Structure formats: C-alpha cells, structure tokens
C-alpha cells in the first residue's frame, strides 16, 4: 500500500484529463464522471482514517513515506508522507471535493467539462501541498493550486471577475515568490544538497544546521508572507472578499474550505518547524495581527449587504483564530488550530453552499432581497441555522470545540496570554452579532412576494449538506478521535519549539 | 622589414574600415570593405595561414561581398537611406566608448599583469593538408553540421525572399 | 445503587432529547408533538425523581461522588475535558425543578399553542431546552456546563424568535442571544483562567483546591488582583448576562416576545436562574473573595430594586412579570453573593414554581382574552376565568411574601441572612433595600391583580373565556406547589439545608441553618400587606378608561416616567454601544477597508504600473540603442575583468 | 617577426570601427557590413593566437566563423529584402515597431 498517497494525489489529475479530453462527453455526464471520480478518491483516502490500520494516530513521525530521487542534481526528492498534522486536512480535502463537485450540478452550466477538470486538478494541487515533504516539491504544488483557481474565478466568476482574479493571483503569487527565495536560501545555507523538510528539521533540532538569528527571522518572514496572504491574516486579507464575491459557488466553497487552510498548514509545518527561535520571537506580534483580524473581520462583516461578502469577512475573522492558536506555540493551541481549520472548512464551506442555494433561486445575494425564508424553506433554514450556529461557535457543534481549544491554548501560552484570549473572545461575541443579524434579515421576517416562490431544499442540495451537518455534530460532540490522531505529532512539534512549551 | 610590411597593411586595413563606415554610398562602403578584407587576407599570410587567406578572399571578398552588392543594387538603396536619425546623440557616445575600448585593450595588451610567453617559432600549421587532416578527423562533426547549417541558410533565404501570395501577407 | 444511578442520569437527559428528535423527524401534528414532548419531559421527571430518591438514600459523604464520564469530550494534549455528569444534591434539586415545572409547562403548552402556526417546532425547542438545561446542571466540569449554558441560550433565542414574523420577536431574540454572549464572554474567560491555574476544569479538581486562588496575584485590567477575584468577577459577568442582572439585564423584558409558556419555563423558572446556580456551584471560588462577593450582593440588590420599580410602571401583563423575575433574580444573586447559598437555592426553587404559575396564569389570561396583553384593556376577568384567578392569586401571594405561601419563607431567609450575617458579615443596607423591594413587589402584584381580575372589563371588544382543562390542570398543580413549597426548607425543619450540606462541605461553606427571625418577618409582612392594600385602593376601586395613564404618574412625575421607560437603559445602550458599533462597522467597511488596506494594495499595484510606464520609454524600438546598451555592457564587463586581472 | 600584441591591437581597432559603424549608421546594409567587419577582426585575433601557441585550432575556428558568416549573410540579406518589401526602407531607425 505504499503508493496510496501518490494514488490519492495523482488520481484527480488523471480524472481532470479524462473529463477534459474524453471524446463525446456531454456536460451532463461530465459532471457525473467528475463526481464519481472524486468519490473514488475519497473512498481511496478512507483507509487513512486513523485506527483503520493504515495510518497510526499514536505515532508522531511521518507515515506512508514515499521517497524517490527526482532531480538528483539538486537533491530534489519526490517525497510524500503524512502525519498527525496533515492527516485531517488531507481527509478534509478528499471529503470536500465531491461535495463541491456536487454543487456544480446546479451552479455551473457553461464550459462544464473545463470546470470539472479544473476542480479535479485543484484537488491534486491541494493534496500535494499537504503531503509533500520536500520543500521544492511543496513549492511546485503550492503554486500549482493557483492555476486552476485563477481560471475558476476568471472564467466562471461574476461581473468583476478579472479584477478579482488578477488581484488574487498577483497577491498570492508575489508572496509565494518570497517563500521560494527562502526555500532556496535554506537549501544553499544547509549545503546538504537536499530539500527534504524532515531532514532539515532534524538537523535544526540537533543543532547541526544553525541559522544565524537575524537571517532566521528574515527567512521566517519570507515564509510567513506566503502563508499570511493565503490564510489570509489581517492586513493581507483584501484579496479574499473580492475573490469570494466573484467566484462561483463551488469555487468559493473550495477556496474557503481548503485553500485557506494551506496557509495555516504552512505556518505549522514550515514556520514553526524550521524557525523555532523566530517563531517565539514573532509570536506576540503575529498574535496581535490575528486578534485584530478576528475583531476587524467580524466587525466589517456586520456592515455587509452582500451575504457572500459577509461570509468572506467572517472567514477572515475565523482564520484569525487559527493563526492565534498556532502562534500560541503550545500543544493545546496547535491542536485547536488544526481542528479549527477542519471546522472552518466544513462550516464555511457549508455557509457558501447555502448562500449559493438561495442565489440559484433568487439570483441575488443582497440581504435585503430576502426575508421570511424560515417559512417558505423550513428544512433549508433548519440546516442553515445549524451551520450558522456552528460558525458562531455554539457548544456541541464543531466550531466551539476548535475555538475553545484555541482559547485555552492562547490563554495559557507564555507568548500570548489572557489579553489575546479576551480579545479573541470579543470576536466570538461579534460572530453572533453579524451572523444572527444576517439570519434575522434573511430567514426571519415576513415572506415577500419574491421569496414566496422559493422552493425548499432539493434532494441534491440535501445530499451536499447532510454529510457536512453530520460532521458538524460529530466533531462537536466527540472530537476526541480527531485530537488523538494529531496528539503525538503536535506534541513532538511543540517539543521542537523549545523546552518551555512542552509543559503546557 | 616584416614589421614595416605589417604596419603598411594594417594602416591600409584600418583606413579601408574607416572609409567603409564613413562612406555615404553603400556601394562605396562595400568596396572599401572588400579592400579591408584583402588587407586581412594579407595579414593571414603574414601569420602563416595561407589557406585561410585564400578562403578569406574567395568567400568573403568574393562571395559575400558580391551578395552585398547584389542586394544593394536590387533594393536601389545605394544612397538616401539615412534621413531618419532617431538617435542623434548616439554618435559621440559611440566614439567615446570605442576609444575607451581601444585604450583598455591596448593597456591590457602592453601592460599585462602577468608575463606572457614569447612567440614560438612559426610552424607550417597553416598548410592546407594539416588543416584538412584536423578538419576531417577531430572536427568532422562540426564540419558536417556546418554543411547542414549552410543548407538551412540557403533554404531560409529562399523562403524569406519568396513572394508571398495575395492574402497571406506577413 | 450507583450503577442504577449511572444509567438513570444519562436517561434524564436523553429522554427530552429523544422527544426533540422524534418531533423533528416524525411528527407533523402539533397536538401529537405536544404529547410526545410532554411525555418525554414527564418521563425525565419520573427518572429524576427515582434518581433523587436513590441519592437521598445514600450516605451523606457519598452524595457528592456520583460522578460518571460518558466519554472523553475534548482531549487536546493537556486539555482534557470529559463529557461527564455529577449528580449531587444541588444538581438533584435543580433536575427536579427543571423536569417537574418543565413537564407542567409542556402540558400547558399543548393547549396554549393549539392555534399556533408552528407548534411542532415549538415543542422541539422546548424539549431541546430541557435537555440543555439538564446538561447545565448535571455537568461535572465547567466546559460542559458552558455547553448547557450556551445551549439554553440557543433555545431561548429560538423560542423568543418563534413567531419571527413579528418585528419585536426578531429583534428580541437576537438581543437576548447577543447579550447572553457578552455574559458568556466573561464566563469563558473565567474558565480559561481556571484551566490555566488548575490544568483541569473538573469540579472535582478545582473545588478542593480553590483556596489556592486567593493567594495568587495577577496583573490585569483592575491592577494587581487576587486570582480568585478576577475569576469570580468574570463569572459575575456571565451571571449578569444569563440571569439578567445589571448591566446586562435589558434582554429579559424584551424576551417576553416569545410564547408565554416558554417565557414561564425559560425566562422565569429555569434558564435565568442558572446564573444563581453557577454562583452556588462555584461557591468555593466566591468564598475566596470578599470583594467580588460584595459586588455580587450589590449587583443583586440594585437589580432587585430597579427592576421592581420598573415593574410598577408597566402596562403589559407579561412585562410586569418579566421585571418581577429580574427583581427576584436580584434577590437570589444577592443571597448567593452573601454566601447564603441555601437561601438562594431555596428561593430559586420556590420562585421557579410560583413564577411559572404566574406566567402560565398570564398565558391563560392572554389565551382567554384573545391575545390581549395590555392590562388597561382587561379588568374584571375574575368572573370569566375563575380558575385562572384563583391559581393566580396563589402565585401572587407567594411572590408577595405572604405567610404560609412559599415565597414568604424563601424571601425571608434571604433578608434574614442579610441582617443575621454570613461569613462575609452583615449587609444591613442591602437588607433594608431588599425589604423595600419586597414591599414594592407586593405593590405591583396587587396592582396587576386589581387591573386584570378585579373591577369591570374595560375593553369589551373581546369575549374572555376560561382556558381548557389541559391548561388549568397544570395551573392547579403549580398553585398547590406555590402554597406548600415553603415546606422544603421550613424553619426548624431545614430539609433543604440538610440535603444540600454535602455540597457545601466541599468548599467548607456549610452554615448553621438560619433560624426564623420573627420581628423581621413581621416587618416584612406588614410592609407587604400595606403596599398591597394601597395598590388595591388605587387600582382596584375605581373604574378606569381603557387607555388610562397610571394615576401614580401624577404623584411621582419624572420618577414614574423613569419606571415606564425602564430607566432609559435601552436608550443608553443604544447610544453608547449599538450606534457607535454600527457606525464603526460602516466606517470600516466603506472607508478603511477599501481605501485604507485595499488602497495600499491597489496603490502598490499602481506603483508597479507607474514604474512600468517609466521603463517602457527605455524601449525605444531602435535596434541601435539596444546595441549601444549591449556595447556598454561589454565594456563594463571587460573593464571589470581587466582591472581584476591587472590587480 | 611581428608580435602577437600588434595583431590583437589591430583586431581591437577594427572591431571598434565595426562597433562604431553599427552604432552610428542607419542604413541596414552598412550596419550589416560593419558586423562583417567585426567578425573579421575577431578572426584576425584568432589566427594571431593560433600562431602564438603554434596550434591549428584557432585557424579551424576561423574557418568555421567564415562559413557561419556566409550563412548569416545569406539569411540576413534575405530578411533585409523582406523588410524592404514591406517597409520600403532599409533605415533601421524607421523599423521600430517594438517601441514600448
């Protein structure tokens, strides 16, 4: 089974080619082929669930390692592996993609085959980012994700799609180039003719590879730039609302659901592992940015009139929690951050789905265009309420587990402390304000002439939301298996950050 | 004696080159260039490279310059192609830079940092048979490639100058 | 025995949850849903009763050790929180109150909600609420308590917003949730600090070691403070949100936009008392901090008085009761702050019964009067609704603190504690204010009864009728309860004191049961009776028009206006918090984000474009100029190498 | 015997003249000729070094340069003819469509 990871990574790309080039494929069947294909990938990834024998959650080190020399002149390896940090993000990706493709059934009607192909290709890129353990390979996958997303927004987007895509592309690309520089710098400085991340981390921990303090901080910032833009951390967020508003529903779902997590994952995998000293040094400053982002995103979300923009800004707020948890630099915070990434993928992905559903019916995303949906679409509203509550962070649903864990980590972190937790909690209050405000105006209230004709959720839409809602409840009530699988890896990571942090 | 001959030839060559650049008539330029090529051929002889001297005369002074003259005549552009000067300030810059280059080269040549080995006794290396042996053994592959290159150039020249049909102007 | 308890306790929670699930997925008919919900809640009550009996049968010291973990809830490295329950005497009495009163309210709702548009949903929320509330009181750790705490908040939100077509319901529901959230902010902060210190959130770990908190000093907003004070202060914020105390009390009166039985259950009997429960549960922390305990007393007393004064100026039958609830919660919070924990719980229980009765009675009135809520349009309903009137009188007497009815004993214990003194000392001023508040309580209740039931019907546009038996039977049961509930901690017998003793032993908070202070009781009762008589004289004797202005307005002037306008609290919050918040949001969204942050980004893009336009001019298109540059490069390179070799 | 330095200096001078020709003349044909001049000067240096080291490779290289120059001239002049056909000029300053 040692090629399982490769299979999961490359199968979607193959699917993309099939969808794109298979002769005589109608739009209708292309959607189904893509769905079945992504479901197959999901099924293939199922054995990875910790406890099923393939992946062992009780081990800290990388598992299912595939390592083949690739460009031997520069020591580049084809190096895939998974550990407790990435396992849930991989599963999140394989889980969300079929749902996203399902959402194209209603949302996409032009150039369907290309769209499905881009979706599948994007999946390859995202999985590659989570699984690559070679800096060079990682960078390739990292940039590769940009391309399909660029087209997904640029071709199927709304009126200002060109502006949004160019902004999205340039913003993320410019920041990634800094990361490339840092990667090359590390390669040269290390001088072992290898891009292997685990080896490099090992060398750093054994003091075989000692970075100059100042240089380490600069390199940290170069990596940080790439990930901060992706997350997006305040004040690097301004591409996100534009991209989200212009993207078609499936694009938004995958963007919020998985792509933003690449940044958070990058922080954990690269910044924390490669630069322990710089991480400690910058943690408070980044914590401040994260807290500002939490409150700022929430506050600004309240003033939006476009539902999608509201959700987009809520992403800024929620991803602030993730960054806060990561830079608490203690096991609790990182546990929470990883779970919160999964949670955010599920909840915000679902939020974009529900926004897309009413957009399909009403062809408007203005909050004022709706009202009284609770009456005409009871099932839809019930599910929406659950999802909104999960986003608000209601206990017993998934959002709370992640946010609370992050808060515990933040509060007890020697680098952050109670002020950060207190301001973060203000963000939790504000989440209730803007989401309930939206709920009040869209779902509650009197039915208008325009909304009266809106039909309730269809079976297709139900099949998208049910798995998400099930996970929302599962993680909310029993997140322990999720935490346990990452426990060892996260503890090892935190131990690498310095002796102070191992205690809490 | 030899040095005097060299100096005369060198001055002739330089003079021809300068005249080539300064001539307003392209035909004159071409003819000055031919003279220059002859001068260089003579220098090749002085350098014990008789075969090259002959090649220089036949290929350069003969074939290439004839081609030039053909084109000049064909286009009728002996004169009057210099009205538009987009970069009037470029001439002085070019002169200064050229002077700088010569000074630098001269400085490097006559005040070298490390001693240069003295010139060795000339051998008959430039004899055609020696050249031919070398060319058809060690340099066989480049030689063959050159022939392909010439063929490609030939075809290219033909294609480029072919009259395009109506409707598909480049 | 313990094994039996271990199966019974989860069952208490699962039953209402099951009811909610069945109603969500299987039932479409309102009446049937009501039956299912009532059955679920009733079954929970029966199970709770059995568990209670088993617990009471256990030896004293074992009663606080019924601790079971269902599963590991959160296990994130050092953060380790079980999904576990603690069934001790305190939770036991709370369970009985919640399921007992809850069941009656469920039954009542079947009748009350018969004409509602969405009865099934209503019963789902109600069941869900019961389950969340049970989790709140049964949790064995603070995080699970928080789950219940927010869960009841959600159900409260849903129930207030049940008839979301009405604007005030929409706004009130959101207001309730957000204000609760502000309170939860404090509670969560307290939890974080507790975890930071103890490395656990389990009661079993924290309470025995609570004394450590007093010694710890931390630096925070209020300067160097004992950790205990900081934590207790944060909890007090939570209490203030959930139990509608100053400053977060304004949501509760608005919450009356929900269906009346829901108000009875959530906004009177159970949910709003969870703040009191929290203080009592955390008594070992509050005992470490005199300052915050005092603050708790002051908050409670101030709330009690202010809310009672507002209740005088209201015309809406439910509003009066809502402010009365806020006021009574103030009594409980004050008692809990004083350290009179048993008194607080005692009042919580009796109040749960008689306030539920009053709300259901009000519901019956509204139901019978065809959704009229303005008391000025009522009057003389006694004859049309004799049962409601009789039972309502029982509630009124209990609330006003008239002897033999339940409120007399519980309220008196609180006032007695204030004067008699607790481990924090005596609170004579607070006690006096509480006595005055008790008199005010009697006044506004007498005013209400006079306006609603006595005299003649002022607005004859509707025909009032008595409610059906399914609604009156719960009223009777609660009326009996309100009359005799004083027995649970009857002076001299002290059942509740003794039963709760094991709980307070943990924090060494056991106090000698308070003996009856006869002079104090006489003063209180006389004052209450006098206030009631005055109210009857003012309101019960004369025939008013249906849009009359309260006669007190003439005598009290601006003060009465303050009562009517709730001391302008909502307006103050609106100007000081809501409006600036909205304005800032609009500023951020319209100006700072697009022009500031995005402006920087787009500015950078423009700069690149500008530089590009500048550089474009270097691209002259002249091949000769390119050559020149090339040549310059050659010279530079040659020069460099030349000098490098020469040197 | 004439020292190699003299030949190289002569080669430099010729090269410089060629450069100046390229830089100052606008007629594409003359520019072209100047390029040929530069090639020649390089050849001269090559042959001179060949004698200096008593090694035939320099001459061989010169031989190749001449061949390539022939090919280059053929293609280059063909291009010129093509340009002249469309633009009716051989003035390089008028062929500036690549202007930014």
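Per-chain residue numbering starts at 1, and chain names A, B, C and D are given in the order in which the chains are listed.
Rule of thumb we're sticking to: contacts are C-beta pairs under 8 Å (C-beta built on N, C-alpha and C of every residue); 3 or more make two chains touch, one makes a residue touch a chain.
The structure displayed is predicted, hence computed values, not measured ones.
Chain centres here are C-alpha means, and the one lying farthest from subunit C is B.
The pair with more inter-chain C-beta contacts, choosing from B-D and B-C, is B-D.
Chain geometry summary: the mean Cα position of subunit B and that of subunit D are 5 Å apart.
With centres set at the average Cα position, the gap from subunit B to subunit C is 99 Å.
Inter-chain spacing, taken between the CA centroids of subunit A and subunit C, is 36 Å. Averaging Cα coordinates per chain places subunit C and subunit D 94 Å apart. Multi-chain contact residues, meaning those touching two or more other chains, occur in subunit B at positions 86-87, 90, 93-94, 97, 101.
Shown for subunit C are the residues that touch two or more other chains, namely 620, 622, 624, 628, 631. Listed for subunit D are residues 19, 23-24, 26, 93, 96, each touching two or more other chains. Two chains count as a pair here when they touch; such pairs are A-C, B-C, B-D, C-D.
Those residues of subunit C lying in contact with subunit B across their complex are 620, 622, 624-625, 628, 631-632, 635, 638-639, 642, 645-647. The touching residues of subunit D, when paired with subunit C in their complex, are 19, 22-24, 26, 31, 92-93, 95-100.
By the touch rule above, subunit C contacts subunit D in their complex via residues 615-624, 627-628, 631. Of all residues in subunit A, only 167, 170-171, 235, 237-239, 296, 299-300, 302-304, 330-332, 335-336, 339, 372, 374-375, 389, 394-396, 400-401, 404-405, 407-409, 411-412, 418, 421-422, 425-426, 428-429, 432-433, 436-437, 440, 443-446, 477-480, 483-484, 487, 490-491, 494, 504 touch subunit C in the complex they form.
Remark: subunit B residues 2-3, 6, 10, 13-14, 17-18, 20-21, 23, 26, 29-30, 33, 36-37, 40, 43-44, 46-49, 51-52, 55-56, 59-60, 63-64, 67-68, 71-72, 74-75, 77, 81-87, 90-91, 93-95, 97-99, 101-102, 105-106, 109-110, 119-123, 125-126, 130-131, 134-135, 139, 142, 146, 149-150, 152-154, 156-158, 160-161, 169-170 touch subunit D in the complex.
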